[in-house]
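Heads up: the structure comes next, in structure tokens.
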Amino acid sequence: MKIKYGIIGCSGRMGKEIAAVMNEAGHQLVFSAASNYENMTERPGLLIDFSFAAASEKTIGYAKKFGCPLVTGVTGLNAEQIAGLKEYGLSCAVVQSYNYSVGIQMLIKCSEMLVKQLPDWDVEISETHHRFKKDKPSGTALMLKDALKKNVNISSLRLGNVAGDHTVYFGGLGEVISLTHSATSRRTFAEGVLKSAEFAVSAEPGFYSFSQVLFGE
Amino acid sequence: MKIKYGIIGCSGRMGKEIAAVMNEAGHQLVFSAASNYENMTERPGLLIDFSFAAASEKTIGYAKKFGCPLVTGVTGLNAEQIAGLKEYGLSCAVVQSYNYSVGIQMLIKCSEMLVKQLPDWDVEISETHHRFKKDKPSGTALMLKDALKKNVNISSLRLGNVAGDHTVYFGGLGEVISLTHSATSRRTFAEGVLKSAEFAVSAEPGFYSFSQVLFGE
Amino acid sequence: MKIKYGIIGCSGRMGKEIAAVMNEAGHQLVFSAASNYENMTERPGLLIDFSFAAASEKTIGYAKKFGCPLVTGVTGLNAEQIAGLKEYGLSCAVVQSYNYSVGIQMLIKCSEMLVKQLPDWDVEISETHHRFKKDKPSGTALMLKDALKKNVNISSLRLGNVAGDHTVYFGGLGEVISLTHSATSRRTFAEGVLKSAEFAVSAEPGFYSFSQVLFGE
Amino acid sequence: MKIKYGIIGCSGRMGKEIAAVMNEAGHQLVFSAASNYENMTERPGLLIDFSFAAASEKTIGYAKKFGCPLVTGVTGLNAEQIAGLKEYGLSCAVVQSYNYSVGIQMLIKCSEMLVKQLPDWDVEISETHHRFKKDKPSGTALMLKDALKKNVNISSLRLGNVAGDHTVYFGGLGEVISLTHSATSRRTFAEGVLKSAEFAVSAEPGFYSFSQVLFGE
């Protein structure tokens, strides 16, 4: 099914990558918005938000206006902003994640299994990103920590233009397991957004995680 | 529960390490045997065998005499010796494995999950061991390959006195996941034996793998 | 100094990347050639060749016609083609390398130092590239092996769309050193070409390696 | 030459390992001291200190009493304690290092080369040690930072019983170089102490680094 969609945060690096991947898949960009910009050629049937947490209210305003599903990858949302998205999820499907790569979801699944099976092992997280990244630690590292349900130390390294590496370490007396995810291109995230967009347009109203999009749970 | 246990192969490196770990956990060594040695202070309620395949019959003889569960880490067992252990498993719990590290079992579980969820990703295995290791690839790398049920390339590196590192890589277009296990001491295997011992003393008769001890399957 | 330059192999991925980086640095593309294409707006003062070994003679023909320095990153050159470049180097500066990343040159320098200081340590090389790469091992891994002047085992992994990772391992009894280079974008090679171009236009006639461009030796 | 030596910090893990390696090499332990313990069978011709910075004054007291060379691997020394060692170096050879592995010295050499050749690259250090290690970051990580002469961020991970891993990362736009040293046994440090001990007993008075012991500079 061809989706007529809009992107909020259309001028950012992720916004552009998503538009490219959505268009390749045959979907059509009909609405674009950025901080001081707005352009609509047709009414969108889906919104994708990769702008900023501060613009969260404005995004929900757009979504209400169009009455359409929403896929958001905005990072650093506070409790109130999450609540706003959940409320909107009562009337339309909302997919929310800080990371749309399949591999990171698998890293989370493995980490959850290990932390459950190895409760007395030490756990550490490290993440490496490009020197331009402003937040520290990364939203994905925080997602991993949440999944572990443990007070885990996060080490953050900033190097060159690394797209994003995350490692979860488990250390027992006599052995160490490390699970590493490396993004080798930004495209992988855009493909996760595509999957979520195609899920959202036919989903019941609800507030969905990317894990639910992929695995139904 | 405090276990009064015996060790066959008590003078080997693993035998000593196991005794240390079992005693730390509050269990009591009451029977020791080696090729030309035997000492019993009390009748054991469990036997641990880390001797040699050739002594397999003798071990089963001891087990029958004491009528107690058996945990064996003896390597290179032939079909007949395995059959003997399985037969004994009809009357008492027997745990048998060539590798008692919890971490390697976890690496296998994670790898099985990933290969199932990411069927079109590339998979590679690499292993690094000390320069004195004669077999190439390692038995554990072959175990990993078996678990993946795929024709996976194995790279083998031989370096200094590395105890043993194994990595399984999964590569998609845009991301790579790598799962690494590093053995940092022999103690880890002794702890797997401890877990198996505590499992065996309260298990129904049966022939169990180390994976069943850990995960029930 | 602003260089008016030409690119042979202008339509390839490297050709385009190089043009972008050269133009950002203020240089001006005045001549472009590909297999069935040629366009000249002005006579170039430097040629960059990222086409194919088979076109080597044609490239030297262009260079002779313009009487200008040449920077070549063409791979798989045979002895005769190298000889042709060296001969042209008698009248104009020629820079030739199979790898224009500064980091790989540094990896070579470090590896040469370690192999000299740690003669009795084990050495291993591993390289990881995208699944589409046809040669195995990579040309860069072979360059590293040559630099080590030792018969070193090379492990090759093929995973997703990895741009290119190379590791040299040194293993002693009690410690392991590993030196890893990861390419995170093709741009890094284009920047090496830029450095070589700026070197070539003011260099004496000669046949130079990329190491000579960077370190003078 | 057979050395009659003493160890201060004889009951620690390093103290025991050093005694084993020194004795294997034919040297003789004649003096042992720990916080509340002292035992002398003969006057030592060399002292090895692997106790604590707080005991530094006491150690120099012993050295003065015996008038013998000193090899110290005590970590966390303050400026005053270093000054005390230097002063003692005016009369007897003193070797001082926070790390006695050859590999770490090589890591430093490589890092110094890279930081000089790649001045605009980002640099990060990470270190991983066993959960029982009290200081954070490790003395070795601080040594690496000093060698880099840059204000570098250090990430510290504490996992199981890892003997000690150190990585120095260099990140440019388009490539990352990482240099990793992993200790696979504590013995490697004891062997560096042995080398230093044999150096110290025949050296002129002076304050020496382990790099000077190994490379004369």
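The letters A, B, C and D name the chains in turn, as written, and every chain counts its residues from 1.
The rule is simple: contacts are C-beta pairs under 8 Å (C-beta built on N, C-alpha and C of every residue); 3 or more make two chains touch, one makes a residue touch a chain.
The structure displayed is predicted, hence computed values, not measured ones.
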item	value
B-D or A-D, whichever has more C-beta pairs in contact	A-D
Per Cα centroids, the chain farthest from chain A	D
For chain B paired with chain C, centre-to-centre distance based on mean C-alpha positions, whole Å	49
Averaged-CA centre spacing for the pair chain B and chain A, given as whole angstrom	40
Centre-to-centre distance between chain D and chain B (centres being mean Cα positions), rounded to whole Å	38
Between chain D and chain A, distance of the C-alpha-averaged centres to the nearest whole Å	46
Where chain C touches two or more other chains at once, by residue number	160-162, 170, 172-176, 184-185
In the complex with chain A, residue positions of chain C that touch it	160-163, 184-185
Footprint of chain A on chain D - complex, ascending	121-122, 124, 126, 128, 131, 153, 155-162, 169-176
Complex contact set, residues of chain B against chain A	101-103, 106-107, 109-110, 113-114, 117-118, 170, 172-189, 191, 214-215
